[in-house]
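Alright, structures below, take your time with them.
Shared chain: subunit A. Partners: subunit B in the first complex, subunit C in the second.
Our next item is the complex of A and B:
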C-alpha cells in the first residue's frame, strides 16, 4: 500500500532533475574534463587544434632525476678548489642542455643538492617551482590540520563550560569565520608588516625591546608559518562549533557515571569525552585537510607565492597556469594531482580511523 | 573554612574569565583595528600601529576615507553585484536542492539510490580542483538571453550564479532533515490525493524552516566571500563583486590604506551585524554540517 503510494518514476525524476543536471554539468563534467585536458595541450583560446599528448604534462611537472657531480680534477687527479677552499664541480647545465649522453636530464633544473664525500648529489626537477608548491602545500596541511583541529577542540571544551555569559565568547570566537579570508589577509598584512607592524611591536613590548623586528612575510623562513597562523586564526571557530556539537551529543548520564566512579578530569576526557567525539574527529580532520589543500586567497593577497617561491602552493600554481598563462591543460594537470592527493589522504584518514 | 572555598571558587572563576577574555581579544583585535583605522588618515593609521592607539578611536577622526573610497571606486555597484549574485544563488539553491532532496527521500523512483551516491561522492571534490576546466567550459557554453543566442558565459552574472546553485552539501542537509519528518504525514496526504508538488509546497516546505536557514546561511557565506572564481571569470567592472573590487585599491602604486580600511569595513560590517543578529542560527548551521 505505502510503496504504491510513494512510487512514481516520473515525479521523482522531474523533481530531482534540476539538481542532478546542474551538479552534473558544473561539478561532475568539469571534474572529468580536468582528467581529459591533462592529457592534451588544451589552451583557453588558441587557433591550433588540440592534440593528445599522453602523460607529457605530468612528466613536465613531476619529472625528477638524481645526478652525482664529481669534482673537477687537474692533470694529477687532485680535486680543484676555489679560493675559499670549496670544491669546484662541472657546471650542471653541461649535462642538462643539449647533452645527448644524458637524455633523462634534458631541461631539468637543480631543486636541491647535498655533499656526499667529494661528490655532490643533485636532485633535479622538471619544474622546480611546482615541486616547491607541492612541498609547501604539504607542509601547510601537516601543520595546519592538527593544530587547527586541536586548538578548536580546546576552545570547544572551554566554551562547553557552564558559565554566565559563555555564549558571548562563543559568538566572538566564531566571528572571524564569517569574515572573508580576503579581508582577513589584508588586515593581517598590517600585523605582519616589517618594522613597525603590530606583531613586531607587540613582541618588542612583551620582551621589553629585546625582540628584533622581523619582516614576517618577506622572509623565506617565516612567510609560510605566518600564513599558517593567520589561516588557523580565521578557521578555528568553524571547527570549534563542530566539536561543540559533538560534545553536546555525549549523553550526560555517562558523565554522571564517571563522577560516581570518581574519575578525575583527565580520565573523564580520556574515557568518556574523547571516545564520544570519534566520528566528529574523523569528519573534522577530513574537512580541515580538504580546506587546507585548497588554500589560495591568502597567498594571492599576501605574498603572490614569494619570497623566492617560499609560499607557492598548488592552487596558486594551477591558477597561474590555467588562468594567467591560459594553459588549461597545465592547470588541469595540477588540479588532478591535487585531487588525487586529497582523495588519497581522505581514504587513508578514513582507514586509520575506521571502527575496529 | 567556608570562606576559603568561596575565595578559591571566586579566584578560579576569575581565572576562567580572564582566559576567555584574553582569547576573545585575539579574535577581535584585527577587526577592531580595521574599523578604527577606517576613521583615520593614512599617515596616522600607519603611525598608530606602533602603539595601542591602533585599536582606539583617537587622533584626527573623520569619515573622509569613506567619501574618498566611494569616489575612487563604484563601491555601491560592487555591493549591489555581490548582493544580487549571492541572493539569487541562495534562492535557487534552496529551491533546487530541497526539491531534489524531496525526491530522494519521499518518492521511490528507478535509479535514485545510485544517483544519490554519485551526487554525494562529489563532496570530496574541492571547487578549486574543477575551476580550471570550468573556466574553459564557461568560455564556450551557449546561452539564450534577452539578446538572443550567444556563446560564452565569461563576464556575466550567470557565470557567477548558475554553477553554484546545486551542491552536494545543500542537498545532503535537506535529505537529513526530511528523513526525520514523519513519513505518515506524506502518506496521508497521498491517500487524500494530493500531488507531489502540493505535498512539497504545502506540507514539507512549511516544516523546513530550520534547514532552509542552515542551507541559506552556508550558501550565503560561501557566495559572498567567493574570490578565486570571480577573479577568473569577471573582468568587466560593471558586474564585479566586492572581494574582487578590492583590487581597485590594492593594485595602486601607493595603496591608500585609509580607504582600504573604509572599504573593508563597508563590505564586512553588514555581514558581521547580520551574524550578530542571528548568531544562534549561524552557529547551529555550521554545527549541523558536523552531524553526519
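Our next item is the complex of A and C:
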C-alpha cells in the first residue's frame, strides 16, 4: 500500500512539475526578486556595483510633507498682492532646495495646495508622478469595480431568461472579452479620436450638431473617465458570465416557492436572488478589484499616462520606471507597494464579507 | 377549506401531451392523494393546480371560482416541495414568516402566526436556527410551517417525504395525518409510495400516462380495482395475474380455466366476457392458501420461501410457467421443489378482460 502511494505520488509530482516550475519561475521568483530589488539601487544595466539602500526607495516614493506658506509682507506688515489682486507667496523652492532649516522638505515638490485664510497650505511629495498614479489608480478602482459589477449583474439578469435567440445576446456581450485588450484599446482610440471620431460624430448626430467635438483622450478632465468607460465595456461580459453561473446555481424551486407566496419582481430579487448570489458577489468583488488595480494595457496604448499625468497608474509607472528609465529598483518598489495595497484590500473584503 | 374541481384538464409541452383530459372532484376538507408511476404527470397536475404551470385546456375551479388565469398567490393555495425549498440564508422564523413579510404584515401578526405554526409542528426550539443546522425532517417541517402560515384553502404536497429516511418518513406521515385532522383543510398530496397513499388518503387518484385510471377510497381501490393497472399498482406484494381462458358465461359468474388452474367460477363484476376469449385472473397473494396434497385448484412447485417474521412470502412456479406469489400470515417453511397446490376464495378474485 505504502509503495503504491509513493509511486502514484511520484507520477503526480511529475505531472504537476511543468506547472509548478513555470509558476515558480514567472511568479514566485520574480515576487521575491522584486522585494529584494526594492531594497537596493539596482538598475537595468549599470557599471556601478549594486548597493543595499534600505527603505530609501520607499521613502522616495511615499515621502509626504505639509507646509504652510505665509504671504509676503511689505515693511508696514501689509500683504503683498500682484496686479490681479492675488496674494503673493514666497517661492516654494526657497524651502525645498538647499535650505538647512527645512530638512524634511528637501527635494520635495508641490503636489496640491489650498488657501486657508491668508496662508496657503501646500502638500509636498517626494514623487508627485507616483502620487498621481496612486490617486488615479484608486479613482479607477472606485468607479470601475462597482459600475462594472453592477452592469454585469444587470446583463446577467437580462440574459438569464428563456427567450428565443438569447444566445445571440450572450455572445454579443461576451465578445469584447475574447478580443485582446490591446486591439480593443486601439479601436477605442478611433472611437475617442478628436474632431471626427465615432463618439464625437454620434453625439453630434444625436444632438443635431449642437455638441462641440471633444478631444476625449487629450483632455485632463476626460482622459481617465474615457479609459474607465472603455474598460467597463471590455470587462463587463466576463463578469456577466460569472454572475450567470451564480444565477443558474439558485434552485428554481426557491423561485416557485416565492411565486406561490406572492413575491413581486423586486422582492424575488431581494429575498431569493441576491442572497443566493452572495458567494458569487464576493468572488466578483475581489476579482474586479484586483483586475482594476492591474490596469496597464489601455493606458499604454491609449495615453501613455498623459495628458499631464492625468492617466498615470501604478502598473504603468512600474513598467515605465523599470524598463523606460531602467530603474529596476524603483519599478520593483512600486510593484511591492501595489502588492501590499491589493493584498490589504482583498483581506479587508474577505473579512467584511465573511460568513457570519 | 375549499372544493377543487378539475374538468377535462389537459397539458401539452409543445406537441407532447402529458395530461390528457383529467376530471377530479375534491370535496371540502378532503385528503386526496395522487399516485402513479414515475412520469405519469402527478407533479405536473399538482403544479397546474398551484399555478406554476399553465393549463393548456379545461377548467380548474377552487372554491367555486375558475382560477385558470389567476396568479398562484391569489388561488388560496400553499405548496410544500420535495426539496423543501426553504431559503438557506433565512432563519426558521424568517422562513416561516416569509409570506407575511412579502405581504408587509405587522410584526405582531407575524409573531403570532409563526408561534402558532411552530406550536402545531412542535418546532418552537428551532425558530432561531438556520436551515443548514436542521435535519431533513426538520426542514420539511419548516416548509410545512411556511404553508400553514399562509392559511390556505388547499394544501399541495409534492412528494414531501421522499427525501427522508424510512423511519422519519413514517413519523412525518403520521404528523401530516394529524395536521390534516387539526386543520381540516383540503389537501392534495402527490406520492409514489403506496403506503402513504393508503394511510393518508380519503380519496386516491391513480394516474397513468396523464390519464386517471381510478378514483376512490383506499379500500375501494384495494378491493375493487377498476382495471388491471390499478389492481397491480396497489398492494404489496402486488396482485398475481394468471392468464386464463373463458370457458362459459353463467349469468353473473364466469367459468374460467388454465393449464395450472382447475375450472372455477368467478364473479364477472359487470364486465362482459365472451366464451373462448383470454382474460386475466387477479388474486392477491394474501388470499391464497396452501391446500392439502393435490386437492387445491392452483398447481405449481415451490421455488423460494422468504420468511419475514410477520409473514412468509412463497414464490411458486406454476405448472404452466409463470410465477405465483403467496403471502402467508404465519412463519412457515415450504420445502423448495415440492409440488404443491393452492386454494383461494373465488369471490376474492378479479377477472379482467385485458391482458397485461
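The rule is simple: the second predicted complex is superposed on the first by the 337 of 356 C-alpha atoms of A that agree within 3 Å, B and C clash if a C-alpha of one lies under 4 Å from a C-alpha of the other, contacts with A are read in each partner's own complex, and residues count from 1 in each chain.
In this text, a residue touches a chain if its C-beta (ideal position, glycine included) is under 8 Å from a C-beta of that chain, and two chains touch if they have at least 3 such contacts.
Just so it is clear, the model here is predicted, and its values are computed rather than measured.
A.B. asks: Sharing subunit A, do subunit B and subunit C clash or fit in the superposition?
C.D. replies: Overlaying the two complexes on subunit A (C-alpha atoms) leaves subunit C and subunit B fitting together cleanly.
A.B. asks: Touch test for A:217: subunit B only (first), subunit C only (second), both, or neither?
C.D. replies: In the superposition, A:217 touches no partner, neither subunit B nor subunit C.
A.B. asks: State whether A:92 touches subunit B only (first), subunit C only (second), both chains, or neither.
C.D. replies: A:92 sits against neither subunit B nor subunit C.
A.B. asks: Which of the two partners, first being subunit B and second being subunit C, lies in contact with A:161: first, second, both, or neither?
C.D. replies: A:161 contacts subunit B only, not subunit C.
A.B. asks: After the superposition on A, what does A:124 contact: first (subunit B), second (subunit C), both or neither?
C.D. replies: Neither partner.
A.B. asks: Touching A:262, do we find subunit B (first), subunit C (second), both, or neither?
C.D. replies: second
A.B. asks: A:22 in the overlay: touching subunit B, subunit C, both, or neither? Say first, second, both or neither.
C.D. replies: In the superposed model, A:22 contacts subunit B only, not subunit C.
A.B. asks: If you stack the two complexes on chain A, which partner ends up touching A:149: first (subunit B), second (subunit C), both, or neither?
C.D. replies: neither
A.B. asks: Once both structures sit on chain A, report the angle subunit B, subunit A, subunit C from C-alpha centres, rounded to the nearest 10 degrees.
C.D. replies: With subunit A as the vertex, the angle is 60 degrees.
A.B. asks: Is A:105 touching anything from subunit B or subunit C once the two structures are fitted on A? First, second, both or neither.
C.D. replies: neither
A.B. asks: Which partner reaches more residues of subunit A, subunit B or subunit C?
C.D. replies: So, of the two partners, B touches more residues of subunit A.
A.B. asks: So after superposition, what is the minimum Cα distance from subunit B to subunit C, given in Å?
C.D. replies: Superposition on chain A places subunit B and subunit C at a least C-alpha distance of 11 Å.
A.B. asks: Contact residues on subunit A for subunit C in the complex?
C.D. replies: 251, 253-254, 256-263, 267, 271-272, 275-276, 278
A.B. asks: Of all residues in subunit C, which touch subunit A in the complex?
C.D. replies: It comes out as residues 50-52, 71-74, 77-79, 81, 83, 85-90, 98-99, 101-103, 146, 150.
A.B. asks: Which residues of subunit B touch subunit A in their complex?
C.D. replies: 13, 16-17, 19-20, 23-24, 26-28, 30-31, 33-34, 46, 49-51, 54, 96-97, 99-100, 102-104, 106-110, 112, 115, 118-119, 122, 124-137, 139, 162-168, 171, 183, 186-187, 190-191, 196, 200, 221, 224-225, 227-228, 231-232, 243, 246, 250, 260, 264, 267-268, 271-272, 275-276, 279, 282-283, 286-292
A.B. asks: Show me the residue ranges of subunit A that touch subunit B in the complex, using the header's touch definition.
C.D. replies: Going by the criterion above, the answer is residues 2-3, 5-13, 15-16, 18-20, 22-23, 26-31, 33-34, 37, 42, 44-45, 155, 158, 161, 163, 166, 169-184, 186-188, 190-191, 193, 196-198, 201, 233, 237-238, 241-246, 249, 279-280, 283-284, 290, 293-294, 296-297, 300-301, 315, 318-319, 322-323, 328, 331-332, 334-336, 338-339, 342-343, 346.
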